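Sharing a structure with you now.
Order of writing sets the chain letters: A, B, C and D. Residues in each chain are counted from 1.
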Amino acid sequence: MDVIITEPSTPFPGSVHEVPGGGIVLSTLDDVINWARSNSLWPLVFGTSCCAIEMMSAASAKYDFSRFGFEVARATPRQADVIIIAGTIVNKMAPVLKRLFDQMPDPKYVIAMGACATSGGPFFYNTYSVVKGADHVIPVDVYVAGCPPRPEALLHALITLQEKIKSGLTRDQIRAQFQEDGK
Amino acid sequence: MGNEELIVKLQELFPAASIIQGNDWPEISFESGADFLSTIDVLKSDQTLAFDYLFCETCVDWKTHFTMVYHLDSTRFRHNIVLKYKLDRETPEIDSLSFVYRTSEQHEREIFDLFGIIFKGHPNLKRILLTEDWVGYPLRKDYDDPINMIKL
Amino acid sequence: MFEEIKTSNDGELVINVGPQHPATHGVLHLLITLNGETITKLEPNLGYIHRSIEKMCESLSYRQFIYSTSRMDYLSSHMNNHACAMIVEKGLQVEIPERAEVIRVLISELTRLASHQLWWGAMAMDLGALSPFFYSFREREVITDIMEETCGARLTMNYIVPGGLMADIHPNFVKRVKDFIIQFNSKIDEYDQLVTGNIIFQNRMKNVGYLSPEDAISYGTTGPVARGSGVSCDIRKLYPYSAYNKVKFEEILETGGDSFARYLVRIKEMKQSISIIEQLIDNIPEGDFQAKTKAVLKLPKGEFYQRVETARGELGVYLVSEGGTTPYRIKFRSPGFSNLSALNHMVKGHKIGDLVAIMGTLDLVIPDIDR
Amino acid sequence: MFSFQNMTQEIHSWLSSLMSETFVMLVEMTIVGILAIALFAFLGLVLVYMERKVAAVIQLRKGPNRVGPFGIFQTSADTLKLVLKEGFMPDNVDKFLYKLAPFVVMITAMLILAPIPFAKGVQIWDINIGVFYLTAISSISVIGILMAGWASNNKYSLLGAMRSGAQIVSYELSAGMAVLSIVVLTGSLNLGDIIASQEDGWWIFKGHIPAWIAFIIYIIAVTAETNRAPFDMAEAESELTGGFHTEYAGMRFALFFLAEYINIFIVCAIGAILFFGGWMPFHIGSWTAFNHVMDFIPSFMWFFGKTFFLIFLIMWFRWTFPRLRVDQLLNLEWKYLLPISIFNLLLMTLVAIKGWHF
């Protein structure tokens, strides 16, 4: 995978020995860690509005996200890995959401489910209390479109998040990759 | 009681008020300054009226004044009226109904929150939907919030 | 922004339940004062999902504002749309084709079934039984599929519009609804066996959260909550609208006033909904599904009020028109808002576990409360 | 029937020929310790996977099936992730107790493992007061839970811990009574003797109705003792979000999680030993031929089969019943289970004295 790593501003003091293909032990260990993290995403029980019902549908027997190991929904943010923002975030809720996110231990991931969490959606214009997108409050990894999105869309988002974790790239690296692809 | 009978009865009881037939139900309107609590008391305790169920309480901002709108139902006779009370825009104050109809405790908090109407005698009058430090009353017609509100 | 909460001198403990708490079904914040495990005071703190729909509607046209109401009480979005469509029709004085009226009622009752099914699963989950949720969603998915085929959406349908319906029903609709009814009739008994008859469940529900008929009226509760206390308040029966005067059904009244009575009301209401659907499904009249309306709607000056019975109780829409293309003021009298106000009265002296059970039987939908 | 005793004795004599007695003991302790920890980890993985699959079957779902064949590596991924999570310590916690609590719960679970015979001749510590040891040690774990609840500086945790304290202390009584009724029949506190006494039939069949009552009470009481639904007052997800482990994250939470499942395994193992004869095959009185056929199935399979059947029973409870309220929970114990179990113990004594059992 071609990754652009930006040059550090000060050069590394000392000599660097190039290892062809990366250290086998460390890179494999990284893969194992990412495999574990991506396959064990425990969501926080958090739904504000309509999308929460579709999230429940995704948990139900027909869609069943337990197949991927997502069914261990934790009620406390301390034990959760991924926060699925299912619904609108309003000004009064924003500090609470931030606090919930801060209470989660690293590594933590965020999925913005539905139009409201992505951009304010149907409540973008003429409202005085809606936050226009949850990414104004906390960093979002995956956005799902729809009002509300279908359960399949949520499953796709979760699988996309798994792929993101498996690739082991940071946000900036992914952005750089996309920019390169665009050129 | 039918709507026509209700209007006749109400006119007997409240000669000062203006009573008209609205789209669905009789509408009885009071000017600001009328004794509101005793009116409600009569409406609730009168044996032929028995308006014991307040199913909607809200306010309308008419730019020059506010109008409190109460929708009353009688669970015994199943007749409804709409009760309106005109409020001054500068000092909007009205008696709280929270001890007559318990449901109005929350409704009045909401109206205070969104319209800024002061309910005298309300046990816990503070903002309910918005944060405590919110400035302004959003459902008033002159409310403007250039930061949060994106006008279409 | 959170108040500094301390233990008061008399040994009482103040606890925040919510905004993120599994029992609040959303983002309700309750401040409860505990003496040991016994609740002495409860204060709801709303507004964590206050989306200012009422302000928004003031700048939306009469065709547009209906869509935002689907997101209000999303579990009975059809009934919300129905109320709004009816109030516009009342202002315009449009006659709706018979076919549209019957389909509206059919769809509304299916929505009520779906809503009650979800409530049943979620309430059992609150009480700690996790499996009923999956059983109820099994049947709910069938309804959702039927809805999807006809309305094009699973949850926020926007199918009922001023003047009639957005589109005609799907050719499969009648057959699939009939199949569903046959399937669901046997499942209701399964629900009873799994939950209603369970001794733990009955002990958790009976004599918990008592609401007397007087209090039920005074607190303005409606829907299954008031009917569980023996207060007749079914708008479908008292002030029939749409095609409800053409069907025979019973208003379910339980006199217990406790959580179990409210539970029974909903379970029996499901059976009544099935009977309404059974009466109408074979008798959908032929004809148009939409009356002719202008592209831009203008309501005459005046005030209009429309009440409908949603799955949670009475939804009132109060609309003030100044004669323009947008409403001057619109107020949604949501059932959950009034039902919630009785919560403080109901939980006093009960345990934390009971709070969860009582909230389960109130069937709160928070966006419906906050609007 | 194959006994593991020969094997262990051979290892012991081989080690004794190599080094002095002290070193032999040290080496043996290390081996046993490693085996115990390995068993722990393995049991944790298997039981969590089993719980999720049982839940899935009851709830008409598929359950984990993407990670590895049939999803068998799902729990491994979960464990690895939990180990690698940020070690988290909220502000204003009692740091010492907060760190100690998971280990108290864990070590208690490990200690109980000592006198349990896993197969014929496989027992870490053959102690003559085995039953007494089990009941004594198992009550320590509540201290860990109380510690966790107190140290977390969270009101939900505190409430959960207090509930758990009240619950475990009360339900230990009926569990103890149920265990005693089997001790009365056998006349021995040694687990090996209790198993040996079931050579001609398991106590659940030999002990008439009192044994059945004791078994039912035992299962109810241990479900409560391990904080499992419908008695999961201490966690009560829909009431107290997470109960005593609300503030625990990562590895420390994993220890609580693991200890819960190990505790289930242990109580079910004890139940299997007392009522279903532990590793003893299914024997019927003097049917020698039948008994010989049964002996062909290895003893550890009998033991694990019975234990896992009981574990399945407890999991079945969890996914079926609603949760009790905290006062109903205590009512059930003090007003119903305890009087019944005391009466049952008397009845059992009568049965034992008169020799009415088979």
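Miscellaneous remarks
In this section, contacts are C-beta pairs under 8 Å (C-beta built on N, C-alpha and C of every residue); 3 or more make two chains touch, one makes a residue touch a chain.
No experiment lies behind these values; they were computed from the predicted model shown.
Any chain bridging chain C and chain D, meaning touching each of them, is among A; the list is complete.
Ranked by separation of Cα centres from chain D, the top chain is B.
Central chain by Cα centroid: C, whose mean Cα position is closest to the mean of all protein Cα atoms.
With centres defined as mean CA coordinates, chain C is found 25 Å away from chain B. Separating the centre of chain B from that of chain D, both taken as means of CA atoms, is a distance of 63 Å. If each chain is reduced to the centroid of its CA atoms, chain A and chain C end up 33 Å from each other. Inter-chain spacing, taken between the CA centroids of chain A and chain D, is 38 Å.
Residue positions 61, 75, 92, 125-130 of chain A each touch two or more of the other chains.
Residue positions 59-61, 237-238, 241 of chain D each touch two or more of the other chains.
In chain B, the residues that touch at least two other chains are 129-131, 138, 151-152. Taken together, the chains touch in the following pairs: A-B, A-C, A-D, B-C, C-D.
Residues 52, 56, 59-67, 71, 73-74, 76-78, 80-82, 84-88, 237-238, 241-242, 245-250, 253 of chain D are the ones that touch chain A when the two sit in their complex.
Across the complex, chain C meets chain D through its residues 13, 15, 21-23, 37, 124-131, 133-135, 138, 195, 198, 200-201, 203-204, 351-356. By the touch rule above, chain B contacts chain A in their complex via residues 129-131, 138, 143, 145, 148-152.
For chain A in complex with chain C, the touching residues are 44-50, 52-54, 56-57, 60-62, 75, 77, 87-88, 90, 92-93, 95-96, 100, 122-123, 125-130, 147-148, 150. Those residues of chain A that touch chain B in the complex are listed here as 91-92, 124-130, 132.
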